[in-house]
Every structure is written in C-alpha cells, then in structure tokens.
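Multiple structures are listed underneath, in structure tokens.
Two complexes follow with chain A in common, the first pairing it with chain B and the second with chain C.
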Partner chain A sequence: MVEQARRQREGTPPSTAAAYRTVLASRLRAQLQYPVSFGFDVVQAALGFLFGLVEVLGIFHNVPVLADLDVRAALLVYGLAAAGFGLANAVTGQLDTIPTYIRTGTLETMLVRPQPVLAQILTSDVTLRRIGASLVGAGTLAVALPLNHVAWTPAKVALVVVTPLVGGLLFAALFLAAGALQFWLVDAAEVTSAFVYGGNYAAAYSAGVFPLPLRLFVVFAVPVSFAAYLPAAAILGLPGPPGAPGPLGWAAPAVALLVWFAAMRLWALGLRHYTGAGG
Partner chain B sequence: MSALAPLAALTGAGFRRYTAYRAAMIGGAFTNAVFGLLRASVLVATLRSRGGPVGGYDQSTAVTFAWVTQALIAVVEMFTWNEIAQRVRTGDIAVDLSRPIDPQLAWAAADLGRAAAVVLPRAAPILLVGAATTGLALPTAATPYLLGAVSVTLATLLSFACRWAVNLVAFWIVEIRGVLGFYVSVSTTLSGLVLPVTWFPPWLSALARATPFPAMVQVPADVLIGRVTGAAALQALGVQALWLIAALALGRFVLARGRRRLVVQGG
Partner chain C sequence: MTVIEAVHLTRSFERRAGRLRRSRTTVRAVDDVSFAVERGETIGYIGANGAGKSTTIKMTTGILVPTGGSVRTFGLDPVPARTAVARRLGVVFGQRSQLWWDLPLRESLRLLAAIHRLPAERWRPRETELVERLELADFLGRPVRQLSLGQRMRGEVAAALLHEPELVVLDEPTVGLDVLSKERLRTFLREDVAARGATLLLATHDMDDVRRLCERLLVVDRGRLVYDGDIPGLVARVGARRVLVVDLEQPLPPLTDVPDAELVAVEGDGVRQRLAFSPERTTAAAVLAAVAGRAPVRDLSVEEPDIEDVVRRLYLASGR
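This part shows the complex of A and B:
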C-alpha cells in the first residue's frame, strides 16, 4: 500500500506485473461475457478427452491389464495426463497460432513493443475454454483415486497434488518448444503437433506399452511419461518396465523444470533467428 | 459426357489446389506417422496382454490396421473441414448456388481431386514408415487393392457428404465451431480410427454400426488389408454405397431448407 501511494505521488507507471494483471483480467472477463457460448466451448474442449477415455475403457473391455496397469491405475494415469494437458493448453495453447502471427506480420508489431514477445502472445488470448480437458482429468481423478488402494504418505500426497502442475509445465514446455521451432519451419507447422499432441496421447498410457526405443524416447527425449505415468507408478509403488523405473516418478517436478528451461532457451534462439518479412 | 466434363475439370482443380502446399503435407504426414507408431504400440500391448487375437485382429493385422487407418485420415479427410460453413457465413455460397452446376456434386468432384492429391504425400509415407518400423501384413493378391480403391473412394465421398451436411448447419447457427468439433470427436471415435469397432463393448459397437462412420475408416481399412474379402467385401461396399446415398440425400435436403433462409444483398 505504501509502495503504491509513493508511486502515485511520484507519478511512476504501475509495475509490469500490475500491467499484465490488468491485461489478463480483461481477457478473462471478455471470455466470460457470453456464458452460454463459453459453456459450449468448454464442453467441446472436454469432449475430445471424454472420447479418449472411451478408448482406454474400450481396451480394458478386452483385457484386465495393459502393460503394467489395471483399469484403475490406467484411469489414474489418464486423469493426471488430461489434467496437466488442459492446464498447459489453456495457458500456452495460443502458441499454436505463431505460424499465423509470422505470416500476417503480427509478430513484428509485438517485437517493437517494450514487452517480452512470449508474454504478449500468452496474454493475447488465454483460451480459458481449453480448460475443458482439465475438467475431464479432474473428474477421472475423482473416480480413480479412491479406486486405487494407495498407502498414502505425506510425500505421496504431495506428489499427486503437484503432478497436474508438473504435467502442465511439461506440456507448456512442449507448446513453447513447438512454437519456437515455427521460426524455422513456418510452412511445416504441423510437424510439431506430432510432439505436442502425440506427446499428450503417449502420456496417457503406461510407458510399458511402447517398445523399448520408443519408451526411452518418451522417458528421456520428449519426457512426457513424467507428466502422468511415472508419478503414478511412484505413487502406486510399481517397479515400471525396463528403461522406465517407477521411482523415477519422484523426479518429475525437477524434470519438468529442466524441460521448461530448455524450451525457454530454444524460444530465445528462435526469436533471435527470426528476421521478419519487411512488414 | 458433356455433363461430366465440368465435374472432371473441378476434380482436376481440386487436385492442383492441394498439390500446392508441399511442406504442409510433409508436416501432416509426419504427425500421422507418429500417431501410427503410438497406436500400433497400444494395439500390440493389448494383444500381448490378451495372449491372442482381439475382435478378429491378431498382431500383424492389428498393426497393419493402425498404419492403414492413419494413412486414410487425410485421404478421407476425417478432421475439421469448414470451407462450406465459411462460405455460408461470408455469403460466398450464393456464388455456388448461382452456378449452372449442382453445388453438392461440384464440391464432391473437387473433394475427390483433393483426395487424389493427398494419396501420394499424405498416405504413402505413413505406410512406408509402418513397413520400416513394425512391418505391414498387406495382401499379396490384386483383388483387395481393387476393392480397396473402390472402398476408399466411397469412403471419401461419404465423408464429404456428411461434412457437407454438417457444414450447412451454418445457415442456422453463425458460429458452428462447436458443432464441427462435436462431429469430429464423434466421427473419429466411432469410425474405427481410434480402436477397431470390433474392440468396443457390445453396446458401443452397436451404436457405431448404426452410424455411417465405420464406413469411412473401418470398412475401407478392413478391405484394403484383406481382413474382409469375397462376398463379405462386396457386401461392405454395398453398405458404404447405401450410406453414401442417404448422406447425399440428407445434404440436399439441408441445402434446400437452408437456401430458403439465405438472403443475398447487393449485387
């Protein structure tokens, strides 16, 4: 309060954080202006993940166990993956439109403004409706958590609470890395969907489903298994398949941070690579 | 002959239009191939857990099914297509309606051209990746390919007829993003793209069979990989043809009702 009063006296502009808060609040309010339409959009965003659930249940209609997960554990993994992806999609999904920004020259407008480009893109449209996936994830978790008989310890409770955020950070990093690659790819933008949406698909299954080379890829190269399967394995006390040991799940928060910093680095490189179209 | 010439020209135009975006094609094929690998893994893991065939698929047919269905996505066009909805929204549909050619047939012809244009860049590479990674169990006789070609053509036209009808909802609702999204979610899930329809629980499998969606992916894939042959294959093509006639009729009905709502201003 004192700080604010001093600012007002001295006529200094509000802090950058306050400016972003104002911009963000206005974007969020704008999206809630038409509640019915917004409701439809949320349902729509949730639908894809509901049908993903149909796929998982369809598989367990035929088999009691897939790789090392029974249907209860598989639901836990699916719920964690969907919750994390929904968060990332709502906050960073806007990075999907970078090819359009590049092609239309909008990006150059952003570059001349005295704000980080990333912050501008992220706040340009916080697509709250995309949170629909998280709702499906939360619903699945609400069903799956009581079904799994876990010997809860404080550490396990902490891990299950933090995992959707970890998954969110991991997928956000994938969105960011994919966005950064657009500076080089532009026309072949869809290449990156393979990692973002393929990653989301792979995250919803046990790493044991995949043959060893692919498993090592989803654990160590594009580590989407840290978004749901490995933390779930750590919580359930599963040993995990060769190449994806369950206790590795405890490292998920650290891995997500690492991947996020790598993605930020790639983003900085991409932005530096961008030379503009003379607009 | 003269009646078919404009349609053939439109097919050619559709073909040329889609061969213009080569880099985008590579990107799309790459994504489909990655999903082919992931889906094949899931199907194989299920079969390994069961220790035998599931729903009529053993390991090699299941893997081949995963790759062939991924290869069909772009050809049949299973994902969002909103061109007609946009034309309704902007009023450009009036141009289509005033042409001396049936708009539904004209767009169907162009869509066949689109499908032909993507076979090489969007379907062939996916099958090559499949052959190089998990291997493909493709039939050695010629008949499945001939029947398969007919089946894929029917599937493409059926997919078009359904997309056309759904797009025309734009006559009544201005923003049909939600409608199209719902359509894509339901159609891809029930088509066999996600899991073979025979893997579903009985109620879901029955529900799927009551829709035209398996005729878009499941049927052409089964015919192509030689899982459905002989009289059963001919019967499958017949079912596809019946769905196509029904979907085209529905599209014509929706257009007839929709054009009464169309008001074109200016000139």
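This part shows the complex of A and C:
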C-alpha cells in the first residue's frame, strides 16, 4: 500500500535495463558526435587486423598448406577470430584501464553507486571504434565463406552465425580475467595485453601450428582455439591435429559460457580482494 | 534511527618494509573506534592527514572491509550490502570526480538518475532545485573537463545529492576552493541537509567547514578517537583560553604581570596588547580591570578560541 502510494506520487522507477540503455545510448551518442573523426578511429582500429590479414596471405603465398589449413580455410579462421575480437574489444576492451581506475580512485566512486562495478565499467566506457576489427573480420568472412566448399546443414549455418558471438564472449572473458588480475598485480596493464592480444594471435591460426603442449594450452587451458579454429574445423569437417579434434568445435558455445563464468568468478574474487586490501 | 554505528572498528594495513620483503609492519589506520550517528546529526570528522579519516569513510560506505570490530550503515553491513547502502548514500570525494569527464554536466546528472533508477517525476524537480541553488545553469551544457574547480565541485555536489540521499558523506569537499565558493557551498549544504532531515558526515581539515556545518565533532589522531562531542565541550576539555585584546590610550611596557593572564603579543610599541586567560580561573572583566588600572583603555575585544589551536592542544594532550 505504502509502496503503491509512493509510486503514484513519484512515478515508477525505470527498470534496470532502461538504466543501462540510458548510459549506453549516452556513451554512443558522445562517440558519434564527430562522424569523420569517428570514421578515422574505426579505420585505425581496423588497420592492425588488415596487416594481420596481409600476413596470412603472405604466408600462404609461400606455402600452400599450413598445418591442416589452406588459404581459404585460413581466411575463414582469421575472419571469425577478428570478428569476435572486435566485438569483445568494443565492449570489454576498457577493462585494461583498471589500473588507472584504481589509481585515480574512479573505482571508489563506482563502489558507492548502486550498480555492479563491472556493469558500470562496461556501460560507461563502451568504445565503439574498436569494432573496426569486426569489420575486417566480416569482410574477410564475406570473401572466405563462398571460397570454401562446405556441405551446409542448418547446424553448420547456426554455428558459423554464432561463432563471432562465441569468440566475442571468449575474448571478453579473457579481457575480464586479465582485468581481474589487475586487482592483485599493481599497474600491470601489460598482463592484459599479453593475455588478450597473445590470445587473439593464437586464435587466428590453426591449432595445428603449435607444438602439442602449446596446442593443449590453447584448447584446454586458455581455450582461444574455440574462438575460430575449432568451429571452422567443425564447419569444414576437418579432423584437426592430435589434441585439438575438429568436432570439438561444436562445443564452442558451451566452452565460451564456461570460460565467461570462470572469468566472472575471478572478477568477483578480485573485487573482494580490492575491498579487503583497500587499493 | 541510528544511521552509522561503529563498534571497536579497526582497520590495519600490512606495510612491507625493506627491499627483500622480509619484515612486515602492521599499521593501524583505524584503531578501535566506536561511535554512533543518529539521523539528522551533522558530524565533523577531523584529524591530521593520515589520522584515519578516509579509511573510516571507506569502511562506512562499502569500499573497504574492516579488519576488526564492525560498522553498520543504515543497519546494514556496508560491503556485502553495498548497492542497498549506495541507494541511500551520497558521497563527494574532494580529490576525485564522479562525473563523466567528456560529457556535459547535464548528461552526467541524467546518467546518475538512471543509475539510481530515479523516475523522471522525482529527479527532474530535484535537478531544477540543485541547478538553481548551486548556480549551475551557466555551465550545465559544458563538458566537465572544461569546468573550473569551483564549478566542478558544485557539479560534484549536485551529482551526489540528486537522489536525495539520507546520508551525505563529504571527504574534503572545499579543498582548493576560494573563500566565497566555500561559503556558498557550506550554506547550500547546511540548508539542504537540514531541510531533508538528512545526516551529514564531513571529513575535513578546514576548521571553518566544521564551525559552519557541524554540531558534533569526532576527532581522530593516529587512528584513535580522541574526542566525541560538541565544540564548546572540546574547548572546555583542553582548557582553551580566550584572548582579551586591549587598545590603550598611550603605549605601556609589556603587561607581563596581570594576575591570571598571560601576555601573548604586543603590537604598536605597546598600544595594543593581547592577554590570554582561562575562563575557569578569571573573567574578561577582571583582566580588563587590572589593565585599566594602569592606563585608560580606548577599545577592546575578546577573541574566542581557535578550533585549530584547540585540536592542536588536544593532540598534545593525547601524547603526540
């Protein structure tokens, strides 16, 4: 009764989703305010991935097949990896600024607001220009998909559609895990870079190029192979090298979710460490 | 209703000493502090740098967990109940911003309203009120990074008070402001807190802040609470002295022998002399009579004890 009366007097509070939408919309508006400058930023963010693409083409100019991939399959892998990475980088890329948040006390101002800290970091600093990598990825996929001879089934179509999202979630989990580690490591943004950009590099190639221990690492420990190579192998029907069987690609969505939950757990621990230690 | 209750609240930090990280020393930033703050109280939390003010505020607002004792804010454990506490809490950290650097102030307020999930019917009128009272209209549309310190600080206060918090915590809110800005901000804070029946916890160095805004003082020294009470009580406790300033018709040699009074300064070759006395031992009238017996007094004034001096003496008394 009292609650009802209060609502009538003051209006209904906006839902949580509406709260996030307001913040997100504001961030995006601010970034699109200067379209030309935004365009340059997107191109700049895309450049690294264009060079990566040239590198892949360069390699296959010299060798017809690397590990189990030919140039068409390699392009598919590269496109999937870049598409996923761009998404993750746009949404979670700012997690590498956590040392700055800690040092400047921004984290403390976030802690005294009634919203989860992670949600605040993610919504308050979405950087749309980082989507540039995804554009390169999408372009590469547009070329690579028709080049590969795939016996398409509804399941394969579904897999190729969700893989950029799965890759995005996987890389986002890496960003998050690396961000969480910053609570223990003082001012070690390099750790994030090593983790995430190294992970991205590993994801863009066949797991077959790595020696077995490293291959097991990218499949089972920090499973970046699930971002692109394994789903691609599943779609192309490749057997995959020992330790990284192609059909495992079908498990990519489940693996990405698992890794994300593990990263969330690490984040919660990191935040608890921060409130325990006081920065 | 008790808004904050600290019971034997303690927070220690481990400090590594030496390059080899062999020896560790434990520093108690807050050491066995107990106090309770009732709704509507205005508390000045004062102490030197590193006395433990910020650490207490962090534990009260859910940023830091205690290592000993407990603190309850609105009856809740602040760290686990962080978001519930945050809805009813407004914090201004003088040294850091909670505004979005690249956005206009107006936009920051809108975002905070969304984060606090305030219905438009509630926050729009409040925004209008804050804009008017804090005189934000001229720069409401300007990105925060372009604001002067005084403008930004008013913006910070508006941001912290938009959701009409029951508890307002201010950590050094007037640092770096000019005298006029400070005074305006204090007037606004006093009136806003009183009108809403809110509770104010103000950590500061600035004794004027305390005099203007706070009915009750908590004084901390090296993590320990050394005083809890009002300003007159503090003055009485350390036996603070008042100062009688006399302007004489003609210069006199220094008045070193007035009973129960101590000469603290001589100005204008002996035309103006300042005599300190303890109100418990004598009166201004008695001191004045003793001076008037030697030369005609042209003018006089009595200076009240300076809080800064009082706190200094309190520190001395607590063995610093």
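Note that in this section the second predicted complex is superposed on the first by the 264 of 279 C-alpha atoms of A that agree within 3 Å, B and C clash if a C-alpha of one lies under 4 Å from a C-alpha of the other, contacts with A are read in each partner's own complex, and residues count from 1 in each chain.
Keep in mind that, in the parts below, a residue touches a chain if its C-beta (ideal position, glycine included) is under 8 Å from a C-beta of that chain, and two chains touch if they have at least 3 such contacts.
Keep in mind that what you see is a predicted model, and the values were worked out from it rather than measured.
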Does chain C touch more residues of chain A than chain B does, or is it the other way round?
B
Touch check for A:L185: first (chain B), second (chain C), both, or neither?
first
Is A:L165 in contact with chain B, with chain C, with both, or with neither (first, second, both, neither)?
neither
Taking the superposition as given, does A:A67 touch the first partner, chain B, the second, chain C, both, or neither?
first
Could you tell me if A:T22 is touching chain B, chain C, both of them or neither one (first, second, both, neither)?
second
Just checking: does A:L216 make contact with chain B only, chain C only, both, or neither of them? Give me first, second, both or neither.
neither
Quick one: classify A:T106 as touching chain B (first), chain C (second), both or neither.
second
Once chain A of both complexes is superposed, is A:Y201 in touch with chain B (first), chain C (second), both, or neither?
first
After the superposition on A, what does A:A251 contact: first (chain B), second (chain C), both or neither?
neither
Taking the complex as given, what residues does chain B use to touch chain A?
21, 23-24, 26-28, 30-31, 33-35, 37-38, 41-42, 45-46, 49-50, 54-55, 175, 177-178, 181-182, 185-186, 188-189, 194-195, 199-201, 204
Which chain A residues qualify as touching chain B in the complex?
37, 40-41, 43-44, 47-48, 50-51, 54-55, 57-59, 61-67, 185-195, 197-198, 201-202, 205, 208-211, 214
Can you list the chain C residues touching chain A in their complex?
11, 13, 55, 58, 61-65, 79, 82-84, 86-87, 89, 91, 93, 95-98, 100, 102-103, 107, 110-112, 114-122
Chain A - residues contacting chain C, complex:
9-16, 18-19, 22-23, 26, 30, 104-106, 108-109, 111-116, 120, 124, 275-276, 278
